[in-house]
Amino acid sequence: MIPIAYPLVLAVILFCMGIVGFLLRKNAIVIFMCLELMFNAANLVFITFANHYQVIDGQVFVVFVMTVAAAEVAVGLALMVTIFRTKQSIDIDQMNSLKG
Amino acid sequence: MTTGLFVFLTLAIIAITAAAGLILSRNTVYSALFLIINFLAVAVLYLIMGAPFIALAQITIYAGAIMVLFLFVIMLLGAEKPKEIEQMKWQRPLAFVLGGAILVEGVYALLTRVSITVTTNPASEILADPKTLGISLYTKYSLPFEIASVILLVAAIGAVVLTRMPKKDKGQ
Amino acid sequence: METVQFFNLVPWVVFLPLIGLTVNLLVGRKLGEIFAGSFASLATGLAFVVSILLAVSLSSHPEAVTIPLGDWITIGTLTVRWAFRVDTLSVVMMLVVSGVGTLIHIYSIGYMHNDVRHNGDTGRYARFFIFLNLFIAAMMILVSADNFLMMFVGWEGVGLCSYLLIGFWFEKGKNGTGNAEAAKKAFITNRIGDFGLLIAMFLIFVNFGTFQFDEVFKQAGQVAAVKPGVMLLITLFMLLGVTGKSAQLPLYVWLPDAMAGPTPVSALIHAATMVTAGVYLVARSSIFYALVPTAQTVVMWVGAATALFAATIALGQYDIKKVLAYSTISQLGFMVAAVGMGATVAGMFHLVTHAFFKGLLFLAAGSVIQGVERGMHHANHASHDFDPQDMRQMGGLRKQTPLTFRVYLIGALALSGIAPLAGFFSKDEILVSAWQTQPAIFIVLVLAAFLTAFYMGRQLTMVFFGEPRTEAAEKASESPLVVTLPLMILALLSVLGGVLNLPGVHTLETWLSHTLGEGEPGHFVWVVAGISLVLALIGLGLAWMIYSRKTDKAYVDPLKRALGSLFTGMENKWWVDELYAAIILNPYRAFAQFMADPVDLGVIDRIGGGLAAGTRALAESIRKLQNGYIRSYALLMLLGLAAIMTYLFLR
Amino acid sequence: MNIGLNPLLLVTFFPLVGALVVLLLKPKWKTALRWTALVTSLITFGLSIWMLTRFNDIDPEIQFELNLPWITLGNNQIGFHLGIDGISILMVLLTTFLMPLAILSTWKAVEERIKGFMAFFLLLEVGMLGVFLSLDMVLFYVFWEFTLIPMYFLIGLWGGERRVYAAVKFFLYTMAGSVLMLAGILWIGLQYGSFDLTQLSGSGLIPAAAQLWLFGAFGLAFAIKVPMFPLHSWLPDAHTEAPTAGSVILAGILLKMGAYGFLRFNLPLFPNATVTLAPWMAGLAVIGILYGAAVAYLQKDVKRLVAYSSISHLGFVVLGIFALNLQGLQGAILQMVNHGLSTGALFLIVGMLYERRHTRLLENFGGLWKVVPVLGTLALITTLSSVGLPGLNGFVSEFTILLGAFSSTVIGSPWFAGVATLGVILAAVYLLFMFQKLFLGPVTHEENKKLKDVSAREILILTPILIFAFWIGIYPKPFFMLMAPAVEKLTALVQSAALLAH
Amino acid sequence: MTLIDLYSILPAATLIVWALFLLLANFWFSKRQPVWTPILAGAGLLASLVVSIFFTGKPMAGFGGFILVDGFSNFLTPLFAVTGIFAIGLAYDYLRRMGIQRGEYYTLLLFSISGMMLMASAGDLIIVFLALELLSIPLYVLSGFAHPRVDSQESALKYFLLGTFASGFFLFGTSLVFGAARTTNLTDILAIVSSGEADTMLLLIGSALMLAGFGFKIAAVPFHSWTPDVYQGAPSPVAAFMSVGAKAAGFAALIRVFSMIFPSLAAELTPIFWALAALTMVVGNVVAIAQTNLKRMLAYSSIAHAGYLLMAFVPFGDAVTRSNSVASALFYLTVYALASLGAWAVLIGMEGEDNQGTEISDLAGLGKTSPLSAAAMTVFMLSFTGIPLTLGFWGKFYLFRTAIEGGFVTLAVIGLITSLASAFYYLRVVVKMYFQEGQPEFHWNFWTSSVAIFTALALVVFSFMPGSLFDLALRSMLTGS
């Protein structure tokens, strides 16, 4: 069996990679994927602690997270499609007309 | 090094490499594929930690359905590759510094606070059984379940609203 | 009390002029000139009658009487009453003020009739009498006060009247604002003096707990013993007030300019009465001064220096009134020197006689000026910038204005100290005191007396002797009776004034001793009398010799050749005005400007604006963070998170 | 207690009734609007006189007290607590007295949006009266801040060229002061469980250390309002740009709120701090006196000149207050009244000139006494009253203030008063300068030759003020008597509390 | 599911059911009488309001502690319902004028509000998370509702990406808290945390992450940067709704969650909240000064007010101040909601096609052309500033009182000084409306104007008697505190 700290550390690494990816990339879809990575990292923590405490709640939480993630993907991708229609691009750096 | 640890490390390396690939890949489709790999690796970890149902859900819903949706949209939009030229000179270094800071702090906290000697439990019958999960979803978690369903509905409506083409007579 | 006492009438010395001014204020313009003038004169005349009644009452009951009218200010320990003090000193002042005042009122009836026509605004006739009555009232408040604060009210009140009357023709004078400027100068200079008086009063209140004359003077010895420094301060600050009001060095500068007022004003306010208030104040406070020898020294030196200094300037003046003005300053210097030496009675004596002859001189000068003005009107080619007050444009007027000449001569002789006219006796008393106690002062004063005789001789010669130097002078004419009658009365008083305190008789001395305490009566010292008389005669004669032969039209003063640059200094009043402008006026103006613009608008006003601008700049720079890039925003969020976590770790 | 007949309630809120009536009238009924406002303010004045007749002037305590529970917040009761004593009654009378005159002065000057003007004006009166009558700190603060709004609009809508700048500046400066006061109020309320002034005044509850910063918090608000040097820079702009009636009220009453605040709050609540800081406050006051006088001189705009003169005059008030003796305090209160009268009248006169010539620059005038003799005379008297000539109101108060300050043990040095006395000279310098530039000398401008002299209405406006100017100058005793018991109580309170702490 | 369970979610459930019904009804009405959709939506909210007032009065816990009905939620639920009603009032005319009149708008709005209601009574982190998403997802969509319009799209994208980013933080934080406390139930967390069994470090990091998530929702600096852009780009009624509803909900959750964690970690968390509050007040108010667009100004103003609200929560760690802390936050929130909705109402009246008329300078002359709107706007600005005789004063009064009561005098002073700075830009609006000439085009609409006038009246009238509102807020006690 592995020390529970390990998956947690992995989760933190993935989380941080998600964050850094969000900050580095300009492609909206890739950014969105980075967000999924962050969610995934959280899920890993839930599962790890569910295992550690031997309670089901952690797993249930993950189920809901996945559901929500799916919902967000639906909305997010729809948004990107409509944006692509207008701007012919999903480069988020081009979406900076509102500022100040 | 126990087998479990070896497996874990292998999976961890796969997951991290895949994540790195996701971030670094110039091609959006590759990014999506890297993410799927990452999801799969994590799914195996779930399995190890006694959450087979979640692992399966991860594979089917996440790696399967959601990522297919992603790929679908990527294809729809023509797998565009925006030029990744950084206009903001502070963005990258700061992103690494801050991301690194959080990483270091998080790892440090976990390693000092969560004892290394505490290990994961072997898959227990109760937790591993999808039935338990199902029952708790429908009893204790009935309200969140309902809310989640509403969220999905809302997302569906939202997607429709967002993608529906504007009416032709809008200008009048 | 066996005889009838009139003390209760004392408020009327104030109220009568007030009634007079109220009537004129309300209906003066409708009444017509004669009635307005007469009514004002009547008001003052009645005040004079009241003063006489008071004097009569005092003669049988010489102790001071206080007639309270009401409370004025009552705060805690501060109690100030509206009250009138009738004592021999105040009644002397009342008599002078209302007596000379009445005569000048009468004179003004005629004088102002011409003046308002000459200046082209007959509407101001009544206004003149309003101001004049107001002045009498204020002066009466000053002299009849029973405490310092009340006196201060009158003190400032007469200052106001002076301001109003100097600026009576406020649209005339140099550049059209000359008169207004002169008025302002008078008021502000006086205020500087008042500042001193105020501080003196504060010190008095702090140390004596009251403003009441009786109580203050009762405690004076005691306080002087305990706090000699305080007493010195009180007396010196008071002196500042005196120098302002009585036109002493260094604050005399307003008085010559004050000649911008109509001539009766110069006579009444700026020669006979108001300017003597300072002398009165020192006389009133003689107990203080007696206790502080240092202050006494300062006072008498101020007086003596002023006497000599002003006399030198008088030598170089061409304006008939300016000569008299500097002469007034000089004579006031005599009085101040006298009271400074402790010769209070001598000072008061000179004050009274001076009121007679200087009033007379001014009024006569007014008569001369109007005579010349009339001549100017009759002249064929009267130039526009003709100045009817310029002695260089006169000459030989003794023929055109014989009556005026005669009274002027009397006045001038009295002023010069020719026996047995009033001036001789009063000035002699001062000189005697100086002779006996302060030789240095004596020399200065004698010198001043000599110069007095000289410039009066100069003036007489320039105005009345020789041949007319202009057409206007040639065609000048005598004034009407209403103008000359007061002149004659004053001339009579100038002749007989000496009787008041004849050597050996000491009427005034005895009279005042009830208020000022018993002093050593002044002796008649033949040597002094001789010196002063001789010097006066020499002065007059010298002046006549130098000036009588001067007849050319382009007048250059003969002394100029003799004295050279010294005379230029006299002519230019030793540039004192310019000096003050350079060291006080202009610096203050520059300071005010500096405060207004660089400091107030530039610094203080910008504090608020600067804060606003700073905030705005901060806003703009923070706003730059809001660059519209999603990733930047995310970075900012991460920054926040990292900061929080780092804090948690480092804590 | 019969609330309905409480004079304070009637006086304070009667103008509100008028304001409501004004709001109901149509904007085009100009005459009706004017008369409604005038009559309202006159009735308010009448009510305040009626209150005065019932006022017991030998009682140092609060009278006609009205204490209704208003708001409960935790352990804090915020009461609708009104009351009047010898200090505030003069302020109330000054307010109700000046209001009708100010309204009357707008007869010709305000032609546009009369409805709004009158409504704001009457609301302003409610606010000001509330400030003077409140005995609850929160209620006070509410009224205090509320007065900003109508004044802000009065300046901003009916003001001169730079009205917007002036209005905003006025608002922000005043608010800058009062925010810290709010902190102070809240702190006191929390610490001592009460916002009630009558409970806190002189209670000695507040420790000396806390008093210092509380004094600062309250003092800043009041010092800006007064305004004390160097916090005055809102005043010249606000005064200059405000419409005539606004300037009158601003100078006449609003500034008094600051000085009143010192009297009502800083002295009784923080006596130790007051005593400690008195020399500093006096020092600032003296600087203000001289500074205001220096800056006023050479101003080109009459209103600015008068505005700076206010700084100087109010410096006397502050000096008197912090002399902390009877003479100083009573003089200060009387000086508040006098400044209201004199400066109010000066602004009215400037307004009259402005109505005739539409300029306020000194260089455009000159020699007017000849053209408009009656106005000239009235202006002269007003100027002299401002100069502080004995026999007129200004002298009495300035003299007593200086006397008080001179002998004040709290200030500790006669130098303050001595230097302040120089202000007497400087006042003559700038005011006579002003009078000369306006009224003396020759008439240099063609337009000035045919100016009309004062109308009956204008005489009606100025006469009451001048009557009071003479009255106070000649017989100030009734005014001193009115305030004496309250001031004596206040002085005793401050001194005993300060002694207790030593 | 027991009856109590049902009662506990009745207002939210009513809304969800009504929204589903409306979704169907809309197919019917959208073509024929589109006006009925908003009216029905309003009716639904009204029903929910009635329900929230009458049926859930007593404190209770539903669904095994998932839902907490207490004074806190009883205060907020009606507030959300009312906000919704106003939001609908603002929307109808606007959508019609902009040509984006679609019935889904109202459905989504109702869903979002139901999410807010659930948020206010959430008793478990999972409910918090789900409610957060339920309220957010409709808002993402609504931001992009005018979607061919580029700024609307940009707004939606920014809101969506950053919102999800924040959700990620929140979720990770939740997982760590779960790891520390073994449960996600708030009441249990409280018990475990106070017993000291939980790992403090994990808990703290988890809290920090959750705070970042909430910080985003309430627009606290430095998690605020989306606000101005999104408010500007989104359709104005949506922005209005977000500025009130989303913020309130965010606060509700923040208070709920931190009321459990905070007391035992007060020493660690108080300085963080202190700094956040101060920073938010300063940045919000300062940057607002530089704004020329009214929408952006209101956005920054909303950021600034988030700072004030945070200030109320800073002294929560002090047991004595706790009840005031929550009450003053709620009170302030209500006041802010009224003024904000009103201000947006006036702005919506001003707005023309393509964001025309939303510059502050466009307001010039409104005082003359539309005196009532201008007067109402003045009230809102004064209330934002905190000038007496508007409810805004009492809001600040209570707020600063709480801060001072908790001993945070410096923070209160910062708040006071920044509110002085705020006067600067709020006054500018008044200046434009009254003191400058112009001919602004004001689109008068009964519903929009009613919102403005009603809120303005409420702000003024209640300022005379804030006592009852204080009481109401004070009674809004949280379960467990």
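Should a chain be cited, it is by its letter among A, B, C, D and E, assigned in written order, with residues numbered from 1 in that chain.
Here, contacts are C-beta pairs under 8 Å (C-beta built on N, C-alpha and C of every residue); 3 or more make two chains touch, one makes a residue touch a chain.
On a predicted model such as this, the values are computed, not experimentally measured, just so you know.
Contact with both subunit B and subunit D is made by C, E.
By C-beta contact pairs, the most connected chain pair is A-B.
For subunit B, the chain with the farthest CA centroid is C. Of all chains present, the one whose mean CA position sits nearest the global mean of protein CA atoms is D. Centroid analysis (C-alpha atoms only) places C farthest from subunit E. Centroids of subunit A and subunit C (each the mean of its C-alpha atoms) stand 96 Å apart.
Note: centroid distance subunit A to subunit E, computed from Cα atoms, is 26 Å. Each chain gets a centre from the mean of its Cα atoms; for subunit A and subunit D, those two points are 65 Å apart.
Computed centre separation for the pair subunit D/subunit E is 43 angstrom, with centres defined by C-alpha atoms.
Multi-chain contact residues of subunit E (touching two or more other chains): 126, 130, 133, 137, 140-141, 144, 147-148, 156-158, 161, 165, 169, 205, 228-229, 290, 424.
Among the residues of subunit A, those in touch with two or more other chains are 8, 15, 18-19, 22-24, 26, 31-32, 43, 48, 52, 55, 57, 60, 64, 68, 71-72, 75, 79-80, 82, 92-93, 95-100. Residue positions of subunit D touching 2 or more other chains: 172.
According to the touch criterion at the top of this document, the contacting chain pairs are A-B, A-C, A-E, B-C, B-E, C-D, C-E, D-E.
Of all the residues in subunit C, the ones that touch subunit E in their complex are 612, 615-616, 618-620, 622-623, 625-626, 628, 630, 632-634, 636-637, 639-641, 643-645, 647-648, 651.
Looking at the complex, you find that subunit B touches subunit E at residues 105-106, 109-110, 112-114, 140-144, 147-148, 150-151, 153-155, 157-158, 160-162, 166-167, 170-172.
On the side of subunit B, the complex with subunit C involves touching residues 88, 91, 94-95, 98-99, 101-102, 105-106, 108-109.
Remark: subunit C residues 623, 626-631, 634-635, 638 touch subunit A in the complex. Here subunit E touches subunit D in the complex through residues 324, 382, 385, 387-389, 393, 396-398, 400-401, 404-405, 409, 412-413, 416-417, 419-420, 423-424, 427-428, 430-431, 434-436, 465-467, 470-471, 474, going by the rule given at the top.
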